[in-house]
Amino acid sequence: MGGLVLGFLQSLDYMPLIGKNDFSLDAYVAIFNDRVFWASLWLSLRIAFISTAISIVLAVGTALLIYHTERGRRVTTFIYQFNLPIPHIVGAVAMLFLLAQGGLLSRIAFALGLTDSPGDFPAMTNDRGAVGIIAEYVWKETIFIGVVVLAALARGVGDYEDLARTLGAGRWKRFWHVILPLITPAIVSTSVIVFAFGFGAFEVPFLLGQPFPSALPVLAYNAFTDVDLNARSQAMAISMVIAVITAVAVLAYTWLSRRYVRSES
Amino acid sequence: MSVTVELVELTKIYKGTTDPSVDGISMTIEKGQLVAMLGPSGCGKTTTMKMLAGLLDPTAGDVRFDGESVIDIPAEKRQVAMVFQKPLLFPHMSIGDNVAFGLRMRGVDKKTRKKRVSEMMELVRLPGMEERRPGQLSGGQEQRISLARALITEPEILLLDEPLSQLDANLRIEMRDLIRQIQAELGITSVFVTHDQEEAVMLADRIALMLAGRIQQDGLPQDFYEQPATQAVARFFGTKNFVPGTVSGMSFESVLGTLQLGHEHPAGEGLLVIRQEAIEIGPGENSFEATVQRTMYLGTHVRVWATAGDVELQFTVPPGVRHEGEQTITLRLPMAQTWVIPVEDRIL
Amino acid sequence: MSDEQNVTGGQRNITGETGVMPPDTRLDVEDPPEAIPGPKAKRHIGRYVLVVLMCFLLLLPFVPLIFWSISHRWFFPTIIPDELSDRAWSYILSDRSGVVEGLLNSLVIAILVAVLAAAIGLSGGRALGLYRFRGKRIVELVLLAPVIVPAIAVSMGIQVMFIRYGLADTIPGVVLVHLIPTIPYVVLVLGAVFANYDTSYEEQARVLGANPLRVFLHVTFPAVLPGLIVAAFFAFLISWSEYIMTLLIGGGIVVTLPLLLFDFVGSDPSVAAALSLFFIAPAIVLMVLTSRYLSGDQSAVGGIGRA
């Protein structure tokens, strides 16, 4: 927490170490007036939303799939959990090799006759659409959410499902009215973390993203390491924005989930 | 509206095991009857229930409602409602919505649902609680709601899987009465699973005792006490006295002497089954000598341990009776209370 | 064989808060719900196809990694490397690549972080799990904060202070900053463990004559050991994988494997791939070991998505 406070102070241009002893909002003014800042902010929000949404859907789907699998369950579960200890940076490297225009998928497309050259393959790394970034996040976060959902399922949903069946609920109705509400707490809590991470993490967009617009954390980093020391306070300001938005997202999620749990009927 | 249920050679072997959980059981439940499936944990009664409900597929055998096989009909289409050991009220819904669930699944409109819900809540004696949430009710109340939820769909068969085992003693008695009443009122064919033989005797029209996947005996409650089929059944119902001997004609030869039997039994070796309450003190019909070992005063009765030859007997007598030390006394066993069961190599 | 279904209840649902699971949660259910009777074979085949597809997609990213790491030449458009060689691997294992130094730094830092975080987490988790005190909710939220707030913001802010106190560009500094994201996880996991823990065992030991130290060594510690191992594993993994914090606080002077990896990505894909595989090996080994230790089975350790 101390780090945040210090960051906040520095964003107000208060840096006694180099002789600036006054507070000022110049840094904030500067970034809010900068088109680049807004472009990065929008990009980061896009990345976070899209990757979280896709991950949730895939996580629930795959968790249910595994839950209903009987044979080979151990092997399947092992493979499923496999990428949990893999750091995002390795995931990013792997995605780079897989999705780049010179990468494995592009070569397969070429071999299948779908493209004529590397350039024909859609750009998914260092691209405007941040497809590679989203792909890496989805690859990891689906498992993160999925594992927790699977645990919630294994923990007693079976009895509720049996009960619902005796009351005449078919598969879809059971999913919608019984299973989904029961796993919603697990989904909500994990997806908050996933969203926050997707918004504020540095490594993956750094490796897989374009210079412009870059994701917000990358923008902050660039400002921080800028030769011009005045950019420092702007870097801090950007960080503050990241922190605030993340906090707001968390609060919004928790508030929403409380309301949802109360009033579902 | 309710149906006859038949289980025909029903068998279930779980994947990965070779021993059957349920081993070829057959029984018939008449329309409107309340049958108790009695047995210890692990004997297969819940598995049987689930096959009845359609939640599990049998490995072999058939389940028939009114003579027609229902094996291929999935649980959601069978008109079977079930109450589980835990109330399992959906935590994300109000009580009213919980009860209405079955109707909602059938597409019944809101107005009718509301009416039926309040009817059901009246039936289980919890009127007006529709707006509450599951966490706000006691265990007993939750089970009653669970019952209401099951009954609202007007099922042909009601299954209850040890619904009272999580409640404490007083509550259990109340609930038993309620269940009995409701079942009689609605006339639904019902199967009630329990491990408590007192409960079975109290509630059921008929009892089926299951041990290790098989039905040991199937009949009226008093038969289990007075005319048990096997030693396992007798033991389950609390009998402790088994005297080996030989049947010839209408008499039984054993270390207790020659006793006259009240029923016909096949000649040859057998075990005489003596209920604790059956033995009386004093000379008379079928009397024999025994030596008192010890007594224990238990308020409403006195428990006596005595030996006759190499056989140890336990019985109960009214409180007034008292004996000191090792005394030889005369005991008698009324003819009508005698029962002989075959000797078995292996007791379950 | 038990007739009744086993429903594990009574475990404090910490999952609802951080996505971190108590150690003895199992993922495999002994008797999964049976399929609806009917056209079973068809339904099952469809499901198996999906499962296979899912596994394929999950493992696909590793393929180019492996290929690159063993290739000498691999240009477009070949799908399999043109020429195989162990150049990349022998390079990283040699002195010239700086991998050895990076490995040592990473190991030392991660182990220190794991041990320290676990130690701090023990007392914190105990307090959180066993006691009720005012403002407990707030403390829980504050603890949760580093999990949510991005590492970059924190380390940028803290850097100044670290420079001031001479911690920047040093290993101790990096260790300290790594503690920031790890302590919350450890405290929350151990909090859940302690919530299920029965202090009567300790009272029993005291009555039998054990002093506090022995009580801890012989009663408390063994009881929470599985949870402790899981928590320490998380902490290790988070530190092992950390990049931006190490970069900012370590100033490029403290070189860990993630930093090396980033350097190689642009310049030499083979080495980058080999290094990636090298880098994830300990993590995978540890995960297999800890899950075996915990339940002798494939149980999930969960919550490692941050790594």
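Letters are used for the chains, namely A, B and C, taken in the order the chains are written, and counting of residues starts over at 1 for each.
Methods note: a contact is a pair of C-beta atoms (placed from the backbone, for glycine too) under 8 Å apart; a residue touches a chain by one contact, two chains touch by 3 or more.
What you see is a predicted model; the values in this text were computed from it and never measured.
Trainee: Going by average Cα coordinates, which chain is farthest removed from subunit A?
Mentor: That would be chain B.
Trainee: Which chain is most central here if centres come from C-alpha coordinates alone?
Mentor: So the chain nearest the centre of the shown protein is C.
Trainee: Distance from the CA centroid of subunit A to that of subunit C, rounded to the nearest Å?
Mentor: Centre separation, subunit A to subunit C: 18 Å.
Trainee: Please work out the Cα centroid separation of subunit A and subunit B, and write it as a whole number of Å.
Mentor: 56
Trainee: Mind checking the centre-to-centre distance between subunit B and subunit C? Centres are C-alpha means, answer in whole Å.
Mentor: 52
Trainee: Which residues belonging to subunit B are in contact with no fewer than two other chains?
Mentor: In subunit B, the residues touching two or more other chains are 54-55, 74, 86.
Trainee: Quick check on subunit C: which residues sit in contact with 2+ other chains?
Mentor: 7, 36
Trainee: Among the residues of subunit A, which ones contact at least 2 other chains?
Mentor: 70, 159, 162
Trainee: Touching subunit A in the complex: which residues of subunit C?
Mentor: 5, 7-9, 13, 15-19, 21, 25-29, 32-33, 35-36, 47-48, 50-51, 54-55, 58-65, 67-68, 76-79, 142, 145-158, 160-161, 163-164, 180, 237, 240-241, 243-244, 248, 258, 261-262, 265, 269, 272-273, 276, 279-280, 283-284, 286-287, 297-298, 300-307
Trainee: Per the contact definition, I'd like the list of subunit B residues that touch subunit A in the complex.
Mentor: Those residues of subunit B that touch subunit A are 15, 50, 53-55, 74-78, 80-82, 84, 86, 88, 90-94, 97, 101-102, 105-106, 149-150, 153, 159.
Trainee: Okay, in this complex, where on subunit A does subunit C touch?
Mentor: Contacts found on subunit A: 1-10, 15, 17, 62, 65-70, 72-74, 76-91, 93-98, 102-104, 106-108, 110-111, 118, 139-141, 143-145, 147-148, 150-152, 154-156, 158-159, 161-162, 171, 185-186, 189-190, 192-194, 196-197, 199-203, 206-207, 217, 220-221, 224, 235-236, 239-240, 242-243, 246-247, 250.
Trainee: Can you name the residues of subunit A that touch subunit B in the complex?
Mentor: So the residues of subunit A in touch with subunit B come to 70, 159-160, 162-170, 173, 177-178, 181-182, 184, 261, 264-265.
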